[in-house]
Structures are given as C-alpha cells and as structure tokens.
C-alpha cells in the first residue's frame, strides 16, 4: 500500500511529503518529496545588496535565524577581510548559543509531542518564550531578528540585558532537568527511542549527515571546536557524543548540548569584553545616527551604502557554522560588485533528510515519526 | 408461551441458510461465515432442547460449541490470511490447487 | 402473548440477517448481517432462560469472533465477491440436501406444533449452576477444549506470521 | 586583516596534500589551483571528477571523507559557462578543499559522485533542477525543489526574472 | 386473569433484560403495578442518561482544565466562570457545524459507525448501580436502572461490541489513515479485552456473583480495625486492579495506548474523515466509556459506594452516591494525569505488552486468587 504522509500531516514538521510504501505497518520504502516551501531565496539574493541579504537569511531556518545571520555575515566579512571587535564576537557567540537552545527546545517539544508526550512540549515552549523575549529585547524582534550586521552588530545591547540573560542562564539547567525527568528515564520513551532509526558512523558520514545526527552516531566532530569561527576558541565546552546512533542517542546529544550551551552563555556573560560593537570600516558599516547628524563624511557613506551598497572584492568563500541541526554553510561568490554573484546555502537538514530512508526502511510506521523528529528538520531550510 | 418447535424451525432455517451460503458463496470469508451461521442454528436447537427437557447440559454444549467455534475462527482466518498472501485472491474457485 | 411477539420479532430479524448474509456480495455486509443474527439469537436465548449463554454469545461470538472476521476483511481489503458458477457436485447434492432438510423442517412444523411450550425464563441458566456443571460433570471435556484452544491459538500465530520477518507479534 | 592576494600558481601550491595527491595521480587532471582567503580551490578536468573524489576520499593520511556540499555557479555570457563546485571536508584533519569543474554552456554534463558519496544524491538533483547540469550515473536524476513539470532552470543567469531587480 | 396478566408482565421483559429483572425484583418487594414500574424505569433511564451525558461533557472540561494546569496553561476560561459553560459551547458548535460526508466513503456504514459507538458506550450504564435504594413513600427504588444477575457479563458484552463502531468507521471512511486506525483499534481492543476480563475473574471468584450489587455488598465494613474491606485490599486484588487499569486505558484508546487515533502518526486514526456531530459522537463514546470503566473499577475494586454515612435519612441515601462519584472522579483524574505524563507506545510494543506481559500476569493473579479462595473455603 502506498501511503502519502504529508505535505500536511501533523508530524512532518511543515510541508515535508513522504511517500511510504507500507506492508501493514511495516515500511518497505520511503521517498521524501520536498520543495513545497521552495521560495527561491538563493535567486532573490542575487538581486539584493550584500547588506539586504541578512533579513533573507532569517527566513531560511526560522528556528535559528541568528545562526544563519552569523554564517552569512561571517562569509561576507571573510570576503571583505574585516576584523570584528571582540565584544561583537562574544555577543554573537552568546546569542548563537541562545538560539541553539531555542531551536533545541522547539525540537524537543515537537519530538516529544510526536511520540505522544504532550506536556514536554508546553514546558519547552515556556522556556522558549523567555529566550524569545531576550531576542526581542536585544533586537526588537522575537523571531526574525536580523541582529547581526556585516562588520558587527546592529545595536548596542540594551541596559539590563545581561542581567536578564544571567537570570535565564541560572534558571535554565533546572528546567532541562525537568524535561529529562519526564523523558530520559521513562520506560516508554526508552522503548520508543532506543534502537530505533539506527545509523552507523560510516553511513552517517557517507550520507553527509552533520550535527547531532552525526555525533549521535559516535563521530566526534563539531565545527565550533574543530574549525572555530567567531571567537569560539575562547570558550570552554564539551561536545556531547553518543555511540548508539539511534533516536535516543541523538536525543541525549541535543539535551547535553543544551546544558553546554547554557554554560557557554554564562561564560559569555561573565567574560563579556568592553569595546565597540562594529568594525572600523566606514564604507561597509552604516555610521551611528549621531555621527550621521554631525559629520558630513558619515552622511555621505550612509547615503552611498543605502543607495548603491558596497563593493566586495571578487572571490569566493565557503563559510560553515555549527547550526543546531548541523553544518550550515554559505558559499558566497562575489564578482566585485555590490550584489552577490551567487549565494548557495548548504542546508544541514537537506543532507540529514537523505539519511531518513536508510534509518527507517524495514521498521514500523511509528518509527518514521520518531526518526523525523530525531533528525530535527526544518523545511524552510531544506527548500530555501 | 411459544411452542418449542418454533425455535427448532428457526434453527432449522438458519442451518439451511448456512448450507445454502456454503454452497453459493464464492468468497472464502463469506463461506466461513456461513459455517458460523450453521453452528449458530445448531446452538439454538441445543438451547431449545435444554429448555424443553429442563436439562442444563444443552447450554453447556452450546458453551463448548462456542469455544470450539472461536478456536476454529482463529485458525481458519489465519489460514485465509496465509492463502491470501500466496494467491492474492479470496475467490474459492481460484484456490483449488494444492500447490501453486 | 408478548413472549410470542418478541420471539417472532427477533426470529424475523434473525432470518432477515441470515438471508441478507446470503444476498450481500460484499463480505463486510455479510459479516454485519451475521452480527445481527447473533445478536437476535442472544435475545432468543434470553427468552429460553439461558442468560449465561446469551451473554457468552454476545461476548464471544459478536464481540470476538465476528470482530476477528471484520478485522481480517479490513486487513485483506476484501472487495466484492465475483459470482461464478458453483461446482457441479455442490449443485447435485446440495440442492437436494437443502430440499430434504426443508421438508424435514416442514414436517416437524406440521407434526409437532403446540406439543410443548416454553415460558420466558423457564429454565434459569444461572451462571453458578452452569459453572458447577462445567467443573464437575463436564470437567474432562472442558480441559480437552482448553487444550484445543491453546493449540488453535498457537496454530493461528504460526500460520499468520510472516515466514520471513520476525513477527508473530499479533495474533489477530 | 587586509586581504592577501590569491595564489594561483600551481607550483607554489604543490605542498597542499590534496594538490600533491592529485598531481601524483594524474597531472593532466589538475587544470589549476587557487588559494584565496585561506581556502583551497582545485580546478579539475571534467572527466576525472569521480576518480579524483575516490582518490581524495581514500587518502591514507588526509582523507577528505566528507562531502559537505555540491553546487554550481553560472558565469553566463562567458564560456565555459558552468562551474560545479564540490566542498570536501576532512573530519580527521579538520580541513576543507574545494573542487571545481568547468562545463560548457551547451548541454552541460559530468559524472555523478553518488557512487562515492550517497550524500551527493540530493545536492546533484538540486543542481540539475536549478541549473540544468546533468549528472550521468545518478540513480534518480529528477527535479528536487521545483515541480516536476517546471520549464527552465531558475538559477541560470539567463532565466527570465520579472519584477523588481 | 390476574395470574395471566402477571405472567405476561414477566415476559414483557424478556428481551429487555432490565424489564425482566426489574419487574421480578419489584414484584418481589412491593407488588407494584406495571404502570408505576414503567414510569419509574423511564424516569431512571432518562435521569441516568442525562447525568451520564452531562458527566461526559464535564469530563472533557475537567480534562482540559486539569491537563491545562499540569502544563502551565489555564484551560478553558472564557465561557462562563472557570470556563464552566465550555462544554455547552462545544456542543452547540458541534451541532451547527457543517456535517461533511466525503464523497468516497461507504455511506451506510460511515453514518452507522458513530451511532454504533455511542449507543454501545451509553448502554452499559443500565446495569451500573450508583448506590443503595431510596424509599419514597411506599416506593422502594434501587438506585440502578436494573439489577441483573449477570450485570458484569452484560457490561463486558456491550463494551466488546463497541469496537465495531471504531472498526467500521475506519473501514468505511475509505481512507488509508482511517483504515490503519481501525485495524489498530480492533487488534488492540480484542487483545486487551482478554486481560481485562481475566483481571475481573479474581473478584468474581471472591464474590461468587456476576451481580454488581452483590459484588459491592461484599465489600462493606473494615478489617484489622481500619482498612476497608475493598477487593483491592481485602481480596488481595491489587495486581488485578492494575491489570484492569492498564487494560482499561487500552480499551478506551487513551494515552499511552491511543494508537488508533495517534494524531502524529495517523492524523486522527479512525475518525480522520469525520466532522461535526458524527465526530462528536465518537468523542462522547470515548468519554462515556471512560466513565463506565471508572464506575466498574470503583464497583469491583474500590468498594463501590461504601463510606461513612451520617445524618438524616435522605443524606444517608445520597451520601453513598457521593462516595461512588468521588471514586469515579479519582479514577478519571488518574486517566488525565497519565495523559499529561506519558508518551505513546508503538504498535508492536503495545501488542507485546498485552500478550507477553499483561496476559501472563493476569493468569498468574488468577491462579493465586483461586488458590487462596480454595484454601479459605
């Protein structure tokens, strides 16, 4: 029997369509069918100035917009050869880790909901709300923050922001304990996740899986630690790795990652350096409002950046960051003009999704739901 | 006050219906159901006789028949599933070979 | 009087169900007709005073055996049956057999009507008495039947499980 | 950090493990190389991409065992028009290398690397979908993002775009 | 003529069990005439149905409220104080919603299925006693629609028929999700009914009767001075109670056994294609079944309506009802609590759990109870 799971199905996390060939409840074959959320962002980017692309990157992965911002911004900064002041870097790391927690909370909630544990979902969204409030405080937006700019940050973080982050960082570990109380030791949760949708390390590498999907299979690789960017080398953190390669292993990886992330947020708050939040590059970075009103030069630069953008030296850059889902990569090609010649987004989910068929074939229908949850896909990122 | 023979007639007709179904039905499951119908007809006559002779043995017999029928249904339906898996049909006319 | 009316009503329902079973071509309709037959038979049992048998009829027959039938029909997604000519032997012996049977029934009907009657609840088939009988006078048959059921369950599991996959996990 | 000029001289780049390996295997396969902004690009000859990938993946001391990305760039009026770009990653050495294959504009095609990395499956389908580059030997070369009956390949530079530009 | 009439009177009840038994009981007690009997029965039936349906509606409200508070939410608050009128609003919404019938369904069964489900769910209330009898003037009315001496068997029979509604809904919807849901439901219900039935047999052995009233009557009083003589304590039916609890969850398709309607796997399972009143019927059936199951658990294991009784006669008559309702409420609360806590089983795990764990446990419990009963006798 052919069963069409999706594109509107409660547990396909958006508009994923799976064509399942089933025999009773056993899966014979899985054919993912994607593209229902294709917005052509890569094409749109080619028509925008470099700085206009930042808001577009928010829309790709709506669960971790700041990670995408960061990746794009880093790529362009590399093309330009800009030096970013330490405070901006630390802020970026801190917000990125908050984003990671935010994304993992949504993942944990929906994953648990898929398996039937409803309460975890609402608990997770309770903490997510706190993080979104922090985002709103710092950037004025809850989800589509666009807070990172080429060369630094958009704004100084407001007064009292760090105290609130500090407060959240204090509270959060006990909340993670709460989620774990509901799930980790729960025998039904164990039955549903242990040994389910297993994938070996070799297969994971060959299939291009990354992030917790890769680390859940025992491959100890994390871009933040191994190919550090944006000052991650200044932070101390462990990279959680599980050996089993099943849904439970990926679950444990992510839950541990949340704990590590909040520790990094704490480190960032504790060691936040003082200084400017923007690089010194008047041709690229919009001047402050005050300067614009007082200095002729600043006004001219502002006018030029807004109307004709800034030229980026020709060349190409592939910048990858560790997004909550895995390796998020931006391949930016410049032809020397003010508009990117080509931007390609390497989506972690697209590669992870390729691993789904090999995870689930021969298993039961309910395992597909668990597996989709465990690879944590975001269709916006897959389809772009 | 219903004559006991009415019950017997009813049971007889049910049994006859069962036999007819067994003969004219071509779907294995329907044929199987006809057999159940026959058993039910017989059960009714057992209960009726039990009432007539004021002996509970008749009801006990019905109890046994039911248990056996349940067992039979389990095995029979399992066989039907097995047959369907290999032949992809439920039509009795196409399942008349012992070996494919 | 009421007794007779009730008997006739449920008898008619029972017969309608039986005939419908024959007429319907889709197995699921036949199965539901059979459920109706069984339900009305349970009422007839009540009329005969066999409360326990009536309850067991509903639980075992309507509640378990027929659900199993419906389940299998759903599982195999059985469609309408194709009417073909029955076998010659069936026609040769079946039709005369039917006729003889009907004649016999008719004879009983004519000869024996009114010879004996039964009142509602005439013979209370109390569960306690039946249980006592089962475990004393009929102990051996009871045990034999239970072994039979056990074997049947094992047989069903073996038959229904896929030969290649692990399975055997669901009996039904 | 001011930008360093790109190094494009093959002789200077010989010490890079990937270049050395490829040069040792088949000097004709390497059309050129570029080291720009700390990133290594190697231009490969069209026909040997699959073998080069196998070679790099099986390398003993620096296995580029992870295919991060496959994509394409369309340099429209100029020829060769398409550049198919492979980003490889060495998980053990924590190093990246970029392989590039230049293709002509008329019926661009090259070998698929799905046999080397199953990961290439979706990436190549996407490139086929959006650029119209055909990958021979791909198990299921169908449109990935666009509808099955879509005409044209949207990411090509000559694809008609309407509206604000 | 009088004799004759009475005889006919007896036979009126034949099919409608209630009538036979009820008439007999009444005739034995008070020699009432038929009119009074019918009127009393009718009133009781209407009252029981009304109370049951209200209880169903408010169980939904209770569930939303309790689960809401467990999950840091408020639950319904807008309609009436504490959202108390929410069930009413929901009912009105269901009534006025467009009743869609998808074009590809098998219509007769599609329409019949929800009715079957709701009818069988509501029927079993007929034999459930809610308290002792009350005396109104010369009338001595037992608080039960009918006391049948095979009451428990009837409940088992009726609930076992409830699966038809689900299975037929799944099949007749002609949708793959519904079909899978229907298949899951029928397999699950058949499997767990066996454990459910076996868990009750221990109680039956202790009591020696199928009549629910008799079963409750044996559980009065205390032992060792303070522990109530409920079957769960005195009869040692602790394990049986938990087998019953688990099987009951499976029978009523509740989390963690809600596979037939697991919305993350099968969209909505067997009622995917249903809307408006037909959907509401399934909903009602589910909650009515929950209440029945809770009532049976209270009667069989938790001592029915026994509890401290004080005050004037009318209070003495009504307090047991209160204790009984309290037990049902407690049982329902556990239902809701579990829903807020546990994830869902997988289909094969559910089957394995039923057949490989619950059933052997039930049989073992049965053997031990049988041994105890035999030794006591």
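First chain written, first letter: the chains are A, B, C, D and E, and each begins at residue 1.
By definition in this document, contacts are C-beta pairs under 8 Å (C-beta built on N, C-alpha and C of every residue); 3 or more make two chains touch, one makes a residue touch a chain.
Only a predicted model underlies this, so the values are computations on that prediction, with no experimental measurement involved.
K.L.:
Need the graph distance between subunit A and subunit C over the touch network, please.
P.N.:
Tracing touching chains, the least step count from subunit A to subunit C comes to 2.
K.L.:
With subunit C set aside and the rest fixed in place, how do the remaining chains group by touching?
P.N.:
A, D, E | B
K.L.:
Going by C-alpha centres, which chain would you call the most central?
P.N.:
So the chain sitting closest to the middle is E.
K.L.:
Can you check how far apart subunit A and subunit D are, centre to centre, with Cα atoms defining each centre and the answer in Å?
P.N.:
Each chain's C-alpha centroid was found; their separation is 25 Å.
K.L.:
Using the average of all C-alpha atoms in each chain as its centre, how far is it in Å between subunit C and subunit E?
P.N.:
Distance between chain centres: 27 Å.
K.L.:
Counting in whole Å, what is the centre-to-centre distance of subunit B and subunit E, each centre being its mean C-alpha position?
P.N.:
One centre to the other, that is 32 Å.
K.L.:
Whole-Å distance, subunit A centre to subunit E centre, using C-alpha means?
P.N.:
Going by mean C-alpha positions, subunit A sits 49 Å from subunit E.
K.L.:
For subunit E, give me the residues that contact two or more of the other chains.
P.N.:
348
K.L.:
If I count partner chains per residue in subunit C, which residues reach a count of at least 2?
P.N.:
Correct list: 3, 47, 52, 56, 64, 68, 73, 75, 119, 171.
K.L.:
Which chain pairs here would you call touching?
P.N.:
The complete list of chain pairs in contact reads A-D, A-E, B-C, C-E.
K.L.:
Where on subunit C is subunit B touching in the complex?
P.N.:
Those in contact with subunit B are residues 3-4, 7, 11, 14-15, 18-19, 21-22, 27, 30-31, 34, 37-38, 41, 44-45, 47-50, 52-53, 56-57, 60-61, 64-65, 68-69, 72-73, 75-76, 78, 81-84, 86, 90-91, 94-95, 97-98, 101-102, 104-105, 108-109, 112-119, 122-123, 125, 129-130, 133-134, 137-138, 141-142, 145, 148-149, 151-153, 155-160, 171.
K.L.:
For a test of understanding, state which residues of subunit E touch subunit A in their complex under the given definition.
P.N.:
The touching residues are 67, 70-73, 176-177, 180, 255-256, 258-259, 262-265, 267, 339-349.
K.L.:
Show me the residue ranges of subunit A that touch subunit D in the complex, using the header's touch definition.
P.N.:
Touching subunit D: residues 34-35, 38, 40, 42-43, 47, 78-83, 205-209, 219, 221, 226-227, 313, 315-318, 320, 327, 329, 331, 333, 341-342, 344, 346, 350-351, 353-354, 383-384 of subunit A.
K.L.:
In the complex formed with subunit A, which residues of subunit D make contact?
P.N.:
Subunit D residues touching subunit A: 1-3, 6, 36-37, 39, 41, 65-69, 71, 73-74, 85, 87, 91, 94, 96, 98, 117-123, 126, 130, 143-147, 154-155, 161, 164-165.
K.L.:
Taking the complex as given, what residues does subunit B use to touch subunit C?
P.N.:
Per the stated touch rule, the residues are 1-10, 12-21, 23-27, 29-30, 32-34, 36-37, 40, 43-44, 47-48, 50-52, 54, 56-57, 59-60, 62-64, 66-75, 77-82, 84, 90-91, 93.
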